[in-house]
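Shared between the two complexes below is subunit A, which has subunit B as its partner in the first and subunit C in the second.
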Partner chain A sequence: MLAAIAWKNVWRSKRRSGIMIAAIAAGLWGGVFAVGMFTGMYDAMVAAAIDRNLTHVQVHAPGFREERLIGLAIPNPDSVVAAIRSNRGVETVSPRTVIEAIAASPTSTQGVSLFGVDPGSERAATSVSRRMVAGSFFEGGERTPVVIGRKLAEKLGVKLRAKLVLSFQRPDGTIVYGAFRIAGLFDTEATTFDGRTVFVRRADLDPLVGELLIHEIAVRIASNDSLEAVAGALSSRFPALRVETWKDLAPELKITAESADITMGIFLGVILLALLFGITNTMLMSVLERTREFGVLIAIGMKRTRVFGMILTETLFLSLTGAVVGVACGSATVLWFGTRGIDLSFFAGGLSLYGISSFLYPVVHPVMYPTVAIMVVVAACASAVYPGVRAVRLRPATAIATFG
Partner chain B sequence: MPNGRTVLAMFVRLAWRNLWRNKKRTLIAGGSVFFAVFLAVAMYSMQTGQHDFMIESAVGMTTGHLQIHGKEYWEKRSLDQSMVLDTALLRRVASLPHVAAAVPRLETVALISRGTVTKVCPVIGIDPPSENAMTGIDRRVVRGVRYSAGGEGTLVAEGLARTLGVDVGDSIVIYGQGYQGVTAAQVIRIGGILHFAIPDLNNSLVSLRLPDAQDLLSAPGRITALAILLDSDGALDETADAIRAMADSELEVMTWREMMPELLQAIAADNGATVIMLLILYVVIGFGVFGTVMMMTAERTREFGVSIALGMKRRHMMAVTVIESMIIGMLGACAGIITSVPVTFYFHRFPIRLGGDYAKAMLAYGLEPIIPFSVEPMIFIGQGLVVLAIGAISALYPVLVLRRLEPVGAMRGARR
Partner chain C sequence: MSLISLTNIVKIYNTTAVPVHAVSGVTLAVEWQEFTAIVGPSGSGKTTLLNIIGGLDSPTAGTVVVNGVDISTMSQDALINFRLHHIGFVFQAYNLIPVLTAAENVEFIMLLQGVERRKRERRTRELLEAVGLVDRAASRPSELSGGEQQRVAVARALASTPSFVLADEPTANLDTASAMALLELMEHLNHEHGMTFIFSTHDGRVIKRAHRVITLQDGMVTSDLPGEGVPS
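Presenting the complex of A and B:
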């Protein structure tokens, strides 16, 4: 009964209801879009880091990540790699020899991280091979090829096909030198990575090391959702090794994620506050406008609690309608920009200067829609309380005598 | 016929009286503007404050705001591009108005070994008093003697010491290439252990006194960089120009913007996101303000009808409502700015402190887990103006209604 009256009231004044619905829809749209932006930004950052070099899961010998000593290799690497490959959910596996080395050009010397890889597996596991700006990722027929970051090439003052001498300490303590020729330059968006990363074929590196040493097994899984499951399975299978996910490997990504969460929370709070105030204002105006109507209702015997209930129900209907419209608009906007991207350089000069991808692709995880919608509906109802109280406190005689 | 000035004065008086005739309505409308300005200012102040804080922490921990290098040093990082430490220049730079510290450094990469263990490490020669003023290296000494307490020796990062299996009092071998290719090799006694939050540094850094480093690398009197810390990032370009003017052309002056493009990118991307968030906020605020204006207009339809029926020109009525809106907007915006000033200043002085894992992670990186607010005057003025513009657009609504108002219907209370 009350609901029927409230529903009729909502559509009695189309303009007033329209503006309320629009305000709520706008708030919800804003909330959904903001969530989409933050999620998209973070997802892109994580995906870039995972694709670049991190991969989803890495396996090391204990202590290697801290000390990075050449002797801390994974025992029986072949059987470990084979066992990881056969694990469910694992997409590709790239075993790597990782050595802290010195790269010397005729003009300069730089400390570098030397990765000895199997080009085929590495190409499947990471995106470096797709980020080549000169030469190729071990596709040419050169002897002893080396692929380095463009940034490192600049530091060393070398170009494609130049000679590069790599030196490092062997497990027995002797220093070994190897001459390589630059076969490719890559440019990812991470300057630090580009400035200190060197790839060679393991086939060329193993003779220098003197034995087969695998320090790192990079594992790419089919879906990020099975991350913990795969990592858990691997670590129970190899208790003597350290199995870590990208979350453990790159704590700074986690920090960024949490900072994005905090900013998003504050922003949603601000939007809700703005919405709360906007709705309170509009409802209050609407109650003032309907003074005579409420006066009459109370005079003919409608209980004040029911009047209050009616106003709350009206707001509930308004906000639910607004929520539906808002979620529809919000998801449409997120879908639209999610495929096309938002060019952030349009809003912030200087971003495109460095040739990084300045496009932001909003994404909303489905669970966020009901969360934001419920928040908005609750906020809307909360903001109807004060106007409702005002209506209930009316004195019927004076109210009926009022204009309006 | 009264002249234009008195007509305007009359309109203003009329508008003023209209506003106070229905105080409640005016307060509600002014309140919506007030709240909008307050929220927009708070939001923007927080974002700007966070960016300033990011710059300040990153710059203070690493490069400084500005650096003077020998030509091409930054690209090649070789000692051959080092420069002579010109004490006259150092003094003149240090006496520039916004310069908080000028820090000479001699930096290279060398092999550090102990027994059969060898690692490639950055070796940096520093001037302890000025380095302390900028990066506070003494605070990072966890064992051994601090420079300020008369420490003379070499400081080695914790992770590196663990890898080499050494501690205070042990000796290590530094082996590398000095200035102009001269071999640099020396056995050095460790005077202290440094702790860094950033794993890369904690696993590798070796720090020496500047004269010792110059000796080791056969580079007497030379440095690779003079890092300059400013008291505010706002003085960056001006100070860079002043230094360029005094340094000779063989040197290059770089700002952190050139040295840390990643930081600049991060901030630019974040700024882009901030602009979009503000736009979203404006849309929400706009609906709030517009809704209020619309309700106000609907409520006054009868009054408008009566005024026009009595012979008031529509133009004049429109002018009065526009003046009313302007007064409400100005009052609301001023109140919003006045209220937000103490709030932002409070959070500028006493930033929001974060808790939990996030705070721990930030602390581990040597960052304070806080969200400071910025009190840049442009924030207040800019956001106030934007909300006023939103108000001005909303104020067009009663004008449009008045243009098409049917006095008879309006008086009867008919609602369109």
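Presenting the complex of A and C:
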């Protein structure tokens, strides 16, 4: 019955409660949508990095990632690749030769990361082949084709079908030069990647290197949920190799993804903090208007803790009603834009520096709902304290004598 | 042992520059089943005295013993509990809970007492029958006349099965017909059920029906006489 009374009390002043509920709903609507935007941005950034080149898991010889030395290759790479492919949860595997090289055009030179890949495997493992803006990802019949980023092509002053000379140090210390023809230009959302990445076929690279060297095995798994399980299984199977997930390979992404939740929590917290004052004001007005009534309730024997509980319940009802409406509207908006996307091409230049696509798909993680619920309850409880204390401190004889 | 025993009650308000002596040395006793009126002009201390008897206000000096319990030294929380189980209140402005129906208003106090639901509902119906409002059980206070609201207030006061009912100017806001009906109801409850009523009033119609009339002036009892009403 006390809950029923509290609910009825919320609707005594329909206009005032309605305005407060609308304010809470609007605040949370905006908050949830903003969280959806940021979460979508962070998720897209992680997904884009995984799709672009990182993949979920990478296997290297110890020390390779730090030294980038051509001699630090994976021993018996074919058997390792075959073993990884047979692992449960593994979708595709792309073995890569990775060499720090110099790309030279007739007008310029640039330091690049040279990837010798099997085009079929790389196509399945990453999204570069789908980001071609000119030519193709080794689908033409060119001899010694090379695929580079459009940004790198601009730096080198070359176009499709232009000649490019790649030079690097072989394991024996000698410098080797190879002439390649640009068969494709890609353009991803990451300008840094586009500005220093070069792909060639391993079949063309191996003769230049002089031996079969695999430095990196990129592993794409079926679901990010099984990331740790797959990485753990591979680590156990290849204790002499370094098996790392994308979180280890790109710790800045991991930190970004993790800090996103904290940032969003703070963001929602600030919104609720602002609403807290509004809720407190509404409840305080409600209590002051009902001074005589609270006096009567205390007079006839309602304990002060129950009076406080009633005000707390009213505040919770008021806040939760607004929260349900706001979160529902926010979620619906996120869902709507989540399927259609938001075109941010106006900011494409800035976003690409962070590897973020200019088309954003907002998303809300399920964990946000209990987080918002807890935050609303905490904010409501905090809002109820002052009005509640005012009510329980009333002296019944004085309160009953109040006009109202 | 008297139901209520006041000994040398003093109440001084210090809320203004000059202390106000609302009650000055009142000593009196009220017995079970009395139908007592406390009368006097405005500012004579009637309401203050009722508040002190009802534990809504504490005396500056003196002792208040109700049903053998000294309530003048009780903590506020203990007083709330005491009022819930021992005292029924009827206020001048009815003071029903506006969002509750007549029945819910009556039932509410039993809810506070922890009475189980079926018993609450049965007693609510009995009380509304007693005050002649069973057909208005589902009406909210705003849908009831002043007289009807005050009858609901009486039913609410009786719902806790109190030792006595304090009524502060219960007829002040009522027309003559409603006032007489309310008085008859209170008299009936006094006669038939032995319920003790103590009410403040300066309504001559009420004073005539009282069995005992205590007159206050400037916070002091100036007379304590049998009334014209018929004692139970």
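Just so we're on the same page, the second predicted complex is superposed on the first by the 346 of 404 C-alpha atoms of A that agree within 3 Å, B and C clash if a C-alpha of one lies under 4 Å from a C-alpha of the other, contacts with A are read in each partner's own complex, and residues count from 1 in each chain.
Convention: a contact is a pair of C-beta atoms (placed from the backbone, for glycine too) under 8 Å apart; a residue touches a chain by one contact, two chains touch by 3 or more.
Just so we're clear, the structure is a prediction, and the values are computed from it rather than from any experiment.
Peer 1: Touch test for A:I84: subunit B only (first), subunit C only (second), both, or neither?
Peer 2: Neither partner.
Peer 1: Have a look at where A:K8 lands relative to subunit B and subunit C in the superposition and call it first, second, both or neither.
Peer 2: second
Peer 1: For A:E293, decide between first (touching subunit B), second (touching subunit C), both and neither.
Peer 2: A:E293: touches subunit C, not subunit B.
Peer 1: Of the partners subunit B and subunit C, which touch A:E100 in the superposed model: first, second, both, neither?
Peer 2: A:E100 contacts subunit B only, not subunit C.
Peer 1: Does the superposition put A:P396 against subunit B (first), subunit C (second), both, or neither?
Peer 2: In the superposition, A:P396 contacts subunit C only.
Peer 1: Who wins on subunit A residues touched, subunit B or subunit C?
Peer 2: B
Peer 1: Examine A:G301 and indicate which partner it touches, taking first as subunit B and second as subunit C; both and neither are also allowed.
Peer 2: Only subunit C; A:G301 stays clear of subunit B.
Peer 1: In the complex formed with subunit A, which residues of subunit B make contact?
Peer 2: Result: residues 24-25, 28-29, 31-32, 35-36, 39, 42-43, 46, 75-78, 80, 109, 111, 115-122, 159, 162-163, 176-177, 199, 203, 261-262, 264-265, 268-269, 271-273, 275-277, 280-281, 283-292, 294-296, 298-299, 302, 354, 357-358, 361-362, 364-365, 371, 413, 415-416 of subunit B touch subunit A.
Peer 1: Note which residues of subunit A are touching subunit B in the complex, please.
Peer 2: 13, 15-16, 19-20, 22-23, 26-27, 29-30, 33-34, 37-38, 41, 66-69, 100-102, 107-111, 154-157, 169, 172-173, 175, 190-192, 251-252, 254-255, 258-259, 262, 266-267, 270-271, 273-275, 277-279, 281-282, 284-286, 288-289, 342, 344-351, 354, 356, 358, 360, 403-404
Peer 1: In the complex of these two chains, what residues of subunit C are touching subunit A?
Peer 2: For subunit C paired with subunit A, touching residues are 47, 51, 54, 56-57, 76-77, 80-81, 83-85, 89, 91, 93, 95, 97-100, 104, 107-109, 111-113, 156, 160.
Peer 1: Touching residues of subunit A toward subunit C in the complex: what are they?
Peer 2: Touch residues, subunit A against subunit C: 1-2, 5, 8-9, 12, 292-293, 296-304, 306, 395-397, 400-401.
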